[in-house]
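Some notes on the structure that comes next.
Every chain is named by a letter (A, B, C and D) in the order it is written, and numbering of its residues begins at 1.
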Amino acid sequence: MDQPARDRIQRSFDAQTLMTTLGARMTRIDAGEIEITAPILPLALQQQGFGHAGLTFAIGDSAAGYAALTMLPLGNEVVTAEIKINLLAPARGDHLIATGKVIKAGRRICVVTSEVHAVTAGKRTCIAILQGTMVPVPA
Amino acid sequence: MDQPARDRIQRSFDAQTLMTTLGARMTRIDAGEIEITAPILPLALQQQGFGHAGLTFAIGDSAAGYAALTMLPLGNEVVTAEIKINLLAPARGDHLIATGKVIKAGRRICVVTSEVHAVTAGKRTCIAILQGTMVPVPA
Amino acid sequence: MDQPARDRIQRSFDAQTLMTTLGARMTRIDAGEIEITAPILPLALQQQGFGHAGLTFAIGDSAAGYAALTMLPLGNEVVTAEIKINLLAPARGDHLIATGKVIKAGRRICVVTSEVHAVTAGKRTCIAILQGTMVPVPA
Amino acid sequence: MDQPARDRIQRSFDAQTLMTTLGARMTRIDAGEIEITAPILPLALQQQGFGHAGLTFAIGDSAAGYAALTMLPLGNEVVTAEIKINLLAPARGDHLIATGKVIKAGRRICVVTSEVHAVTAGKRTCIAILQGTMVPVPA
């Protein structure tokens, strides 16, 4: 991907205030693959003190959505049509890493997957997998 | 539901810091059905200025989870095993209302659905439907 | 719906050989809602002698797809982009009834749900719920 | 896996009459991974003459379910609690191959994925991905 394409993705991400609120940053931008890293902030917990499913979902969904956006011409945004998450383990550790991938980029819809890992002392545990559909919309 | 049962649900909800961050409140607690109301805060937006899918998901998922919890004896919490969201319309308006319902309460798993409506000047628009599985865990 | 519109739906259904194999019939055609009734044939069982999840899925998915087709102009077919099924109880009884409904009919995608009931001596038990996305394609 | 464990899986599969009806065979049994191969029979088509989504689902779901069963002690069967399928391309070609994998084997639930490929003249095309939850039950 060239720099203007990367900049477009980064600008869109930066406009997502929820990502800022959650402390999430885009840590890798490749064609068809996006990585988002986020801490587990005290403001984003569930009732047992682990990261809320809403946090895991939000970064998993955004990583998948931006992965789809890397496959689209300038002038597009994407929105999530649907996405499903299976949660495998509690969201606890030093931080979370979401990796979104494009499985099939179509003209009208784009099928994506995402994995979210929790990292503790360098050790990664997969805590969630997502599978969904993104739809291009005019930017 | 008696008051101790309601109090238990409310206490668990109050411990979810993400709900506080998003300004979400539990506005109805009935056996098998929970309503959560949330504003669309400037801190929870996506790139086009609408509410982020992560916001819609978080309140839809929590409403479904607490609906499941109303069906369980004291001493339990629930966690989301999996849930799927179909997004129907942008999250815009005065506020959002998520309504979670129990479809089947089993001993080991509980099947739930949730709807999220956006309310503008009293008019409700369904913006998302969710379908998922909750699992009881010791509190 | 007028008769040509109903005939179009029926003809498409009749062309699905899997429905014939499973003994499934379309028992109601309304705008936005389709009912399919099927026996639990000896040729469609899982390992414990109940109806296979593939049977429940096939009629639930077809009911949802044809519900979507009722909302589209002549000259279209629909295909399933994605659909999720939660199975609530074993498929056993005299026959199964799948009811598909349109939740939102969009230009590019159509969000649908479906319920499958098992009927035994006139008593209905919900055995599965489905939530999915249909996409129009040229007929 | 030892031979008795493989035999157990094969016997359970052989008891699924829907698999026989669809011409499906189990073509690989490994710990945590199962492959099912099926023709696209004239009896299993949708309205455009491609394999029905119910066929693709049935073999994808069964491959995922038996992958889960390989991880469980003798005396168990598994049933599908929920599963979601994204369809990527029409089911056409010489035959279909479904590969089910265990992502996380828990005591109470097992998270699985499955891919279905269509094979034409030796060339494989991924036509569907599935993500779901299996639950152990007494055999």
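The rule we apply is simple: contacts are C-beta pairs under 8 Å (C-beta built on N, C-alpha and C of every residue); 3 or more make two chains touch, one makes a residue touch a chain.
Everything numeric here is computed off the predicted structure, so don't read it as measured data.
Trainee: Give a one-word verdict, same or different, on whether chain B and chain D use largely identical residue numbers at their interface, taking over half shared as same.
Mentor: Same; most numbers are used by both chain B and chain D.
Trainee: Counting only C-alpha atoms to place each centre, which chain is farthest from chain B?
Mentor: For chain B, the chain whose C-alpha mean is farthest off is D.
Trainee: Take the average of all CA coordinates in chain C, do the same for chain D, and state the distance between these two points in whole angstrom.
Mentor: About 21 Å separates the centre of chain C from that of chain D.
Trainee: Per the centroid of Cα atoms for each chain, what is the distance between chain A and chain C, given in Å?
Mentor: 33
Trainee: Scan chain B for residues touching two or more other chains and write them down.
Mentor: Where chain B meets two or more other chains at a single residue, that happens at 81-82, 84, 86, 111, 133.
Trainee: Are the chains arranged, by touching, as a line, ring, star, complete graph, or other?
Mentor: complete
Trainee: For chain C, which residues count as touching chain D in their complex?
Mentor: Touching chain D: residues 12-13, 15-18, 20-22, 42-49, 52-55, 57-59, 61-62, 77, 79-87, 90 of chain C.
Trainee: Show which residues of chain D lie in contact with chain B when the two form their complex.
Mentor: Chain D residues touching chain B: 81-82, 84, 108-109, 111, 133, 135.
Trainee: Under the touch definition given earlier, write down the residues of chain C that touch chain B in their complex.
Mentor: Answer in residue numbers: 84, 86, 88-89, 103-104, 111, 113, 126, 129, 131-133.
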